[in-house]
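Look for chain A in each of the two complexes below; its partner is chain B in the first and chain C in the second.
Now for the complex of A and B:
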């Protein structure tokens, strides 16, 4: 991008710039260039114990559910996006979410899962499925503020928190995959924050409705963390508490009720 | 095998061939530094004609964006979802680069909506409405035929014709079109390959889909007639100015640098309809003429 800095643009030009395909292309070219299904092709897999493998497969199966939810929600929102720039940004998000789903399904195959979608169904976190249903309901209702809040703030914050938490201790290939996905999630959350920030200035009464949605969805997010920990039969209470606290702190930092 | 065929449409393949392939180093679809020709910008009639033409491209691409994104959730399998995700971003890019062309032609950002509603052809709007009705019903088979065979088939030939007209006079616009033509070729290929087996599995859908194609074709041909009628005088003016020094711009045997508006309309309509017949035949559908 040379010496160009989008932050020097006027507010209107800034939004047009950062929501463009061109901006996305330049952003992802850096960190996806030379990768193969999200990781450097030179990386090789470590040997996993049966318990570690089971943990990793369950975790990635649920990442697939979250990413498929995000793919379906972001594609469904394009039709009722309030302006062309938002529609173009969401299109970049659609391909990001599709890529995440594709690399996670590919990772499952690398880990020896023959039929990934049967495995995903079998290991699905029920709280996450409830969250998915509620989010897609908001998308079907073409409720822009509620859908963008549930998708680009709540779901993205949940994924961001979990991916960031797993990244340092993950095996090299999963760590590499998560590193680029976290960068995408940061961009998606930024869009959600920015869009809602502007809407809330124009229509402060919207906050109360979003706070209600936040209060409705947060328990499902926290239940997802707890359910996964319990299903895996692991004693990672400290980590689970840390993930929950990080997630709630993110929502609070964005100014919404927890 | 279906699985192998769909792997060719994965996001990984798309990343390698499109953003990291033929779009690498481009700036809104053309080479950096390329500009619209001064002869176009300085002539108000030519500039208005270029704006009118570009508005039709934006209207078509906006419909394609709404359709491809709307079909993601209706896709019966994940590889098809992945392909439609890449198509969604392709169509969004097309909306963006053609919108950028309007700005390059002197349209101000706050005038965008009014310029589009002033110049958009009402027949093209109806064409899009027929397609989006199927998308709204989450009818995947009809939606993909309408989007990836009919709309994309039309766009493919229109872009090729425009490319032939512009490749010597306006390299910037010709380069913008080259990338979209490459995208459309991929989209049409997916439509043909994926839908054939679904039509075989759902023969009861044939009649309804053929009726949709007939209706879309009617509105498409009406759009062509309107557009060439509006442009008749401009085509003559451009040809009079460039008659002595313009290189032949051959499109399906017709030299566009010397053809009149009627010849241009006929060659475009015949090319698109010929493509429809071939492609619909490949997926087991019969082409229905709007006159029938």
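Now for the complex of A and C:
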């Protein structure tokens, strides 16, 4: 018998393993152990110009809105998860989202924001707020396919691509925070795409309903991308397109119109 | 899809690879050597590697990969099948 190889697992065993709380615990230990509010405690802050600081605070305020949205939605979805494995996976996502919100709020305080929650409200991106309202409506309706699509496919793909795009040019502390969050987002996004992909194979009639939701939410997501690109100071068109490319690729893989 | 039993039975004549740690830390320890970070467009993949299109992590196998092989991306929980397109190996998600 050869050495253990995860690629030889049965599909059933693979899903049971990666959706488990134990898998999550051992995964996050690898990159969060020794960090302090999501970054290496040896890092020190750089000096920002007033303009840079203003952009960074606006960007992080909107990350807080996205994370609080995901926290509220993922915790609400546990109640109507279709199976226990999905419920357990969502419980790990709730922990991740709570951590993300906490580290971003902590980062705002480090940047001199005295009342983070008022600042978040004042700097909120309107497209993102509309998206939040619509996602929470879908959760309230206990519509699993629509909620998983809006949250784990659309919102998580957006966060994953925006955080990845900001990382190379971010200050060292923000970069370190984003690096660990991107690792969490891989699980959330992958769970969403794979769960929804399987549902669409089993029940192709749901595609038309989700296509409508995609058409409704895509403009909000793309408007958020554009505004985020502007906040990050990456205004030229190529960069903006690169930010949304991964999101659009996900939508396309699932067979939705972009 | 290619049969993993072929490998166990010793009928598979593919090149074998001894996988070492890559610094990848997003999965439990026992799985880490099966993945590595992707360095972008200039990152040349070995014959036992494919890129996960969902999360952009490089998936590694202990044997040379061929079209039809199944691999798993544990960081994003995707099941993938290896395919050949334009002379290059790539992975496609199977839902």
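By our rule, the second predicted complex is superposed on the first by the 232 of 258 C-alpha atoms of A that agree within 3 Å, B and C clash if a C-alpha of one lies under 4 Å from a C-alpha of the other, contacts with A are read in each partner's own complex, and residues count from 1 in each chain.
The rule we apply is simple: a contact is a pair of C-beta atoms (placed from the backbone, for glycine too) under 8 Å apart; a residue touches a chain by one contact, two chains touch by 3 or more.
None of the values given here were measured: they were computed from a predicted structure.
Peer 1: Contacts for A:198 in the overlay, against chain B (first) and chain C (second): which applies, first, second, both or neither?
Peer 2: A:198: touches chain C, not chain B.
Peer 1: Once the structures are superposed on A, label A:92 by its partner contacts, choosing first (chain B), second (chain C), both or neither.
Peer 2: In the superposition, A:92 touches chain B alone.
Peer 1: In the superposed arrangement, does A:75 touch chain B (first), chain C (second), both or neither?
Peer 2: first
Peer 1: Return first, second, both or neither, reflecting whether A:221 touches chain B, chain C, both chains, or no partner chain.
Peer 2: Neither chain B nor chain C is touched by A:221.
Peer 1: Could you tell me if A:105 is touching chain B, chain C, both of them or neither one (first, second, both, neither)?
Peer 2: First partner only, chain B.
Peer 1: Where on chain A do the contacts with chain B and the contacts with chain C coincide?
Peer 2: none
Peer 1: Which residues of chain C touch chain A in their complex?
Peer 2: Within the complex, chain C touches chain A at residues 4, 7-8, 25-32, 34, 53-57, 61-62, 69-79, 93, 95.
Peer 1: Hey, which residues of chain B end up touching chain A in the complex?
Peer 2: Touch list, chain B to chain A: 10-12, 14-15, 19-20, 23-24, 27-28, 62, 65-66, 69-70, 72-73, 78, 81-82, 84-86, 88-89, 91-93, 95-96, 99, 109, 112.
Peer 1: What does chain A use to touch chain B in their complex?
Peer 2: 12, 16, 20-22, 25, 28-29, 32-33, 36-37, 68, 71-72, 75-76, 78-79, 84, 87-88, 90-92, 94-95, 97-99, 101-102, 105, 117
Peer 1: With touch defined as at the start, can you tell me which chain A residues reach chain C in the complex?
Peer 2: Touching chain C: residues 1-9, 11, 14-15, 17-19, 23, 26-27, 30-31, 160, 183, 186-187, 189-191, 193-194, 197-198, 200-201, 246, 249-250, 253 of chain A.
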